[in-house]
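So that you can tell them apart, the chains are marked A, B and C in the order they are listed, and the count of residues begins at 1 in each.
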């Protein structure tokens, strides 16, 4: 969701985001602005960064624990000089257990904080509670639905590593059915021109039909590839994801999925300029011996996440009178 | 507990609170001072607020998790420029499991922080550990005993919404036996003049005998009302609370308790100036369709909690040399 | 691990620590410098302290919960003006559960924070993950291995209470097999001259053979004492530790261990200048009635922990350009 703010002086202000719960809350123009901002923030002094959100308070409510994503957001707030209020395991440690609705939580926490970052185990709960929130809400992962800030940092990483997003060939591997990072990434890639997507997945973990139709309507070129090594060979970007073991009930399919692990021997297949991304955590789907290859971009991607989240928070909260 | 502090210049200083573990730690004069201070803090700039507790460190130890109350306290500390050290689930994540006493925790954490906010699942544990604490302790909820800061924000909300606390008719609904917010509220209302209290509750969840006698001795006028709608009709303030399902072993009583839920159809019974309060979390004892009625004050009450806790922290720690 | 840093002006800088994962990461010279620094920090104004780590961000990842140690570190960071990113229960609330390696966590969290404080339930995991960490790592307790910052604060407490560490008689009681605080303390005492160590322990919980040999090679004088009261009589320092009940499978040994509890009646045995230390949490191995004796130093020891950790953090991060 985006708003046009008025500056204190009364001039028409810049466009800025408000809620970021779905990739539909931003468009290409927003993504470009955020990527430029992230790039700019990398070069600013720590001291100057700390003035950007001075005095702002951001709550981070994780109903599904995630040290990485939570620390990434909290680090972003902290680097910008804001303060965080956190709940590391809100599902167990809060009145959610007593039956309280997320809507009530938003109404109350929205009195304490200037924005709410929330991860929830149920796909639609955040969107359902959103209308009553008195402050901007950022979705940090919602069930098997969306993870829009991950998509932003993924696209930012692609641009940083390869200089562009348009016209690239992106190979996405793994759990396309439940993988919310994949859902948000594909929706965001659809904002760009000429992106060709190759999907590699075990039979039962393909894209949900609704999402497939939605993406087709955008003009994004999507096809399945069953030859894993061929998929690697043709890609500019290889986006590997973890398949949760419990998703694979069939042993034959578990073997199929294992064949999609990226091993040192696959590196020779990759184009010299190709890049491997992964939203992390990584278990065995990328062998650690791959880490030292220049094309392994997943740790740089994690670092980009810090700057992209800083950019996003600054877009939403920076320069707002409090 | 209150002390009279000396100012740096050597003049006799103002009265200020120290430990706040029971409603007996403050009197009417203190409550009035805190309400005035809360009102004043609402109007201060964020920047000025942040200088009030600059450099202070407050520990929040929650042996019984509560996102709302913890975030409310941590937001209050943060808005005043202090820093927090927190334990979201101290019962599970600490040496309480190993058998360490809360007294030892206070002695140690009191070396790290300038004040301790603590919630505990056992009614008397905080009071028992108090004597050895080297720093002020604020009770954020103790078993089925007291929750004094909730009472402060409740009374503040009543005064804010209705202009006064004296001479009002207050209807308290729900679990009066185990409900610590009710216990502290009634004790605090007893500091005011002419308050008439009507109690609505399932037979087995009435006030503990000791508390009933204690309150009677203060002159507070208390009576039971079994006609729910009549109780609603005559009240200036309706204080609804949640009954934990496990408290109601008898199905007949569970039905009785359900009859005390506030539904949209009850709104016509309420006086135009009446106000509905609830300490939250709310489950089904107030229907969400009630929320939009101007008389539903529970979310404003939650916001008042932030300012009252800021007032309390400033009373205890503000202007203290560190 | 220690490095010699260059000051901004280009002169050869002071020696400073980097990773502190084992007691081998520092030597006597470092310990002395840290003790002097801790002593100095006690006298600095809060305001001046807050400028030392201004803008620094420290992550505290506790895979084994410990309110005391975590709050001690977070208080140290906060008092020095830095900010913390925390995980109170990283084992349960993080992707460790999904099988992610600690090495991957260090690589990622090292992008968000300027240093990582980590406690882990497995003895060797921190050391194994260390090589890939982009920032300094401080071990806050590793399985039954080491707890080097506890040793630093223990030795600091001995010097503060008795004026020296050299030539003292130190009696260590309890679980010497799994007790990581004991392991690190003995290794650190070996850096001093003429320290005589007396060990009191149930038969099955003696020092691991490897450690015993390592310590013997340093020249540290170690002997076992089975007469508990005799051990108390001859000691300058009595270092009591908690034995976890599950370590004592044999009831006879459990009785033996109980005989090592320090009770008020033992105080008459102690030398007037002796000091009782305990890493805490304490359960029943020191009777609470001992607490008021001047020789009971364990709460002062806990407070010293704050200053020693401030000294350590300042040594590692202070004056580093960020």
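Heads up, the rule we're going with is that contacts are C-beta pairs under 8 Å (C-beta built on N, C-alpha and C of every residue); 3 or more make two chains touch, one makes a residue touch a chain.
Just so we're clear, the structure is a prediction, and the values are computed from it rather than from any experiment.
With chains as nodes and touching pairs as edges, the resulting graph is complete, every pair of chains being joined.
Different-residue interface: chain B and chain C share under half of the residue numbers found at their contact. Relative orientation of chain A with respect to chain C corresponds to a rotation of 120°, obtained by superposing CA atoms and rounded to a multiple of 5. Here the CA centre of chain B is 39 Å from the CA centre of chain C.
Counting partner chains per residue, chain C shows two or more touched chains at residues 86, 88-89. Against chain B, the residues of chain C that register as touching in their complex are 46-47, 50, 62, 65-68, 70-72, 74-75, 78-79, 86, 88-89, 242, 244, 280-284, 288, 299, 302-303, 306. By the touch criterion stated above, chain A contacts chain B in their complex at residues 55, 57, 59, 61, 83, 85-90, 92-95, 98-101, 103-105, 107-109, 111-113, 322.
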